[in-house]
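In the two complexes below, chain A is the common chain; its partner is chain B in one and chain C in the other.
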Partner chain A sequence: MRIASRGLPPLVAGLAIAYPFLVPNYYLVYAGALTVMYAAMATSWNLLGGFTGYVSLGHSAFFGLGAYGTGLLVTRMDVPWVVALLVSALLVTVFAVGVGIAAVRVRGASFVIVSIALVSMMNLIVQGWRSLTGGSTGLQVPSPFPDLHRGETHMVFFYLFLALLALALASWWYVSRSRFGAGLRAIREDEDKAESLGVPTGAYKVTAFALSALFVALAGGLYALWFGSLDPIFVFSILIASSMVLMSLLGGVRHLFGPLLGALIVAPAGEYFLIALGETQIHLTATGLVLVLVVLFMPDGILARFSRRRAGPSIPDETAEQRLQGVAP
Partner chain B sequence: MNLLLQGLALGVLTGGLYALLASGLSLYFGVMRVVMVAHPAFLFLAAYLTYTVHTTLGLDPFLALPLTVPLFFALGVAVQRLLIARLAPENMAMMSVLLTFGIALTIEGLLGTFYTGSYKSVSMEYATRSLTIGGVHLPYDKIIAFWVAAITLLVLFAVLIKSRFGQSLRATIQHREAARLVGIQTERVAGYGFGVGLATAAVGGTVLALITPFFPASHWVWIGKLMAIIVVGGLGSVVGAALAAVLLGVVEGLVLVTVDATWATIMFYVFLFLTLLARPQGFFGGRLAHRF
Partner chain C sequence: MTSLRTEGLSKSFGGVLAVDGATVELREGKINGLIGPNGSGKTTFFNLITGMIRPDAGRVLYRDRDITRHSPHRIAHAGIGRTFQLCRVFPRMTVLENMLVAVRRTRLRELLAGLRDKGEVERARHWLRRMGIEHLEDAEARDLSYGQQKLLELAAVLMAEPELVLLDEPAGGVNPALIDRIVSLVRDLNAEGRTFLVVEHNMDMVMGMCDHVIVFDRGAPIAEGPPSAVRDDPKVLEAYLGV
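And now, the complex of A and B:
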């Protein structure tokens, strides 16, 4: 069991790298790139949601801003695409620090409300600011690789998203072993106690918020370069954020590979629904029902079922009696 | 000047409707500490049911109410007893948002499948004219909406203050354990509280159907607006939500006539963020809302 779980990540990584050469057609490369993009976004969402327990339904705001930032820099200012991607992600991160300072002042349900409000507001502003963003007709972004045909472009972006996923996973892993990560977990367990023990909760929460926005913004920028056309109603939809939440919850928010596992299930299922049922709205119902079922029956995710550690608070609540038994000779 | 008066009058009328739509949200939050993201989705479910009753039977939209109100009351009790009461209490706030978010997506998908994504509207001949007082035009549909909302809210307040059920509901909101100690069956009361909240959504949906065209994804805009109202008013305070609703309705009306529709909607979020920065518990919520 232990050897199997050690050997699994390199095996999966190897399979992922070989994936575009294993599949028979470019459509599956496209679907793979989309899945890896969602996996990267869910993993970066989990930098905030998994560690601190702050559920954000507003991360599509950072996705959309990253996408529009990159697109506008490329089209309006003729910046090379790599520079545009990095500059726009940096700007979004700075913006996220500002939003974070206001947003993490409130906890629980109010935080979720604020995050929903953030997306709706960005959607309104981008649609309303017609002269800059093209309004609801959208924004066209030229392809960064004009010499490649469509299928090859899918392949390039598959590897770009894979690199982003690796970066997000490495960050999560690094944070989970750091003092910073321990502080974030303390916030999840009991924010007041953490604060009274000297954890700088405000600064930690804002940092986690901005860090998780950074990777989502990078994914958004790559998406803009990949798809070449941005629809404000899609990129700023709560649906994207809710996919990140659903994937993370389904896989398990307390595990490094939880969001990745969730993405590997949810994203292909979504693509399959699209092919099998066409462009109907019933896929929304499917997403909604799965979310309800996961929240009701599996809030700790799939991986929690397989790990031996019992779900629940990582600092178990003991009764005085249990504690006495522990110290009794 | 006339323009401002027009904006003010429309704002007050719309604010009255907002107060009704937000009152359900306050009830849910009061009884279960649940932010019910699916409330606007239920509003539009009611609007579509009204549309069906109106187009297939040719009845006045308000005659759909005897059907939708009891149905929504039962649905509310079912949602609370079968879904929300099952959530683990320690993570209630976050999980309930996700749960009701899932319900909202489910409803939106079903509406889109059955009614298609195009705009629908219910227009009655009597609702298209408008009343002119001193140069200010007041559309009849807005006036009807205001009075229906006002009457429903008055009935709601009367029930909450006078009836025995209302007393036990308020006791449950104020202190759940103490309420149980004096013999109130708080689980059952919480279920009925949800039922009443969703019944207001049935009334609100019918009114919405009358005053505005709608499509399945319309509820997203309303989530933001209604959430802003209950946060500004103070989570869990029905009176606070009503006052904030009229305030934000007037602000929206004034910005609408002086600037444009985009900014009018953005004002809701501006007020939301300002409230959180200045007074996170809202302007009428007390101790109850502080930790949410």
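And now, the complex of A and C:
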């Protein structure tokens, strides 16, 4: 069993790398790129949500800012796309530090509301600042690969998003096994208690918030370069962050591969609903319904069902007493 | 020598004055008891010392350093550890992980280092052994009995190497055998140089264990001294019995 579970990630990675060559048409490459993009974003979201338990619906703001930042640097300042992508993501990260310092002062539902307010503000600012952003008509971003046809572009961006996903997964794994990660998990379990044990919870939360924003901003920047057309109502939509939350919850927020598994289910399902039901609000209702069902019936996600519990349901007091009195249990 | 001193510490919640100008001095290397009727402000006093809540007025000095408005983690780094009235552990983390959360230093390199640093794990096992729960290190904390969780909570506090340990009702909800064990542990830890402040309703425990007892009523100390002197103090009897 263990050998099987250890062999699974390399097998999935191999399949992912081969995917564009295994599918029969470029539409499926496009759908794959979209799925990997969401997987990368959900894994990034999970750097905050999974470790600390802070549910942010404001990550769409970082996606949108990353997209607009990259788009504006490319179109207005003729910056090479790679530089634009990195500079934009770094600027968004710095912005996220500032937002984080203010936002993580509140917990629970209050934090969710603050995060929603952030998206709404960014949406209004970008729509209102017409001279810079193009307002509600959006921003056109030239393709960084003008010599490639659309299908080949999908393939290139599939691999770029795959690299971002690998980076996000590696970061999550690295944090999870560090003392910093233990501190973040302690915040999720009992923030006051963690603070009393010397964990600087404020600094930890802001760091997780900014790190999470960094990867989401990179995803936003790649999205801008890939799609070439930015609509502020879409990129600053709460729906994007809701998808990250849904994917993470469905797969399991406490697991490295939880958000990835969630994305592999939700993103193709969303694409299917879109084709089957058309560009109506019905596919959004379906997404909302899945979110409600997951929260109600599977709050720990799919992977929690398969993870091994380390101990039985309870350890009786007698064992401790016997040990305390020197009696073998 | 004074370990911790509060000067005119006050805190009110709405119209309720929970702590009313409390001036208290804790002696270094002693087991200090803090007793008083329900609602006398003992736990609020604890929370004020450890930075969990900010005082309206007054100062907290630890080893002559003003820590009044420091955040709880800075106070922990300064050398003050605490347990909670209702036992608090990290339920979905293992016993060993609960121990390794305690942070003594915040250098970036150490924070990014692997959690299972050999030296830290050994230190954690040492404290778990002293508590008698080393065999549970891989169990999730939520699977432990309440008594075991109490021991884990104390072990995790000690992992941060505090010089002053504040225990909020350590005997609350645990069986007599475990109370004896906790008393014995506190005495041993005190003999090793740690100062204690213990809030407790179990009078036998307080009177038998503490070197110095402070009695709170209506948010301020009304008496203090050796247990034998405090026991017969008319103000204490009045506060407890209303006579």
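The definition used in the following text is that the second predicted complex is superposed on the first by the 309 of 329 C-alpha atoms of A that agree within 3 Å, B and C clash if a C-alpha of one lies under 4 Å from a C-alpha of the other, contacts with A are read in each partner's own complex, and residues count from 1 in each chain.
Following the convention adopted for this analysis, a contact is a pair of C-beta atoms (placed from the backbone, for glycine too) under 8 Å apart; a residue touches a chain by one contact, two chains touch by 3 or more.
None of the values given here were measured: they were computed from a predicted structure.
Of the two partner chains placed by superposition, only chain B is touched by A:Ile116; chain C is not. In the superposition on chain A, A:Glu195 makes contact with chain C only, not with chain B. In the superposition on chain A, A:Gly181 makes contact with chain C only, not with chain B. For the contact definition in use here, the residues of chain A common to its chain B contact set and its chain C contact set are 313. Of all residues in chain A, those touching chain C in their complex are 174, 177-183, 185-186, 189-190, 192-203, 254, 309-317, 320-321, 323-325, 329. If you check the complex, the residues on chain A that touch chain B are 53, 55, 57, 102-103, 105-110, 112-114, 116-118, 120-121, 124-125, 127-128, 238-239, 242, 245, 249, 280-292, 295-296, 299, 313.
Within the complex formed with chain A, the residues of chain B that make contact are 29, 33-35, 37, 83, 86-88, 90-91, 93-99, 101-113, 117, 216, 220-221, 223-224, 227-228, 231, 235, 260, 262-263, 265-266, 268-269, 272-273, 276-277, 280, 291-292.
Touching chain A in their complex are the following residues of chain C: 50, 52, 71-73, 76-77, 81-82, 84, 88-94, 97, 100-104, 106, 110-117, 132-133, 135-136, 138-140, 143-148, 151, 156-157, 159-160, 175, 177-178, 181.
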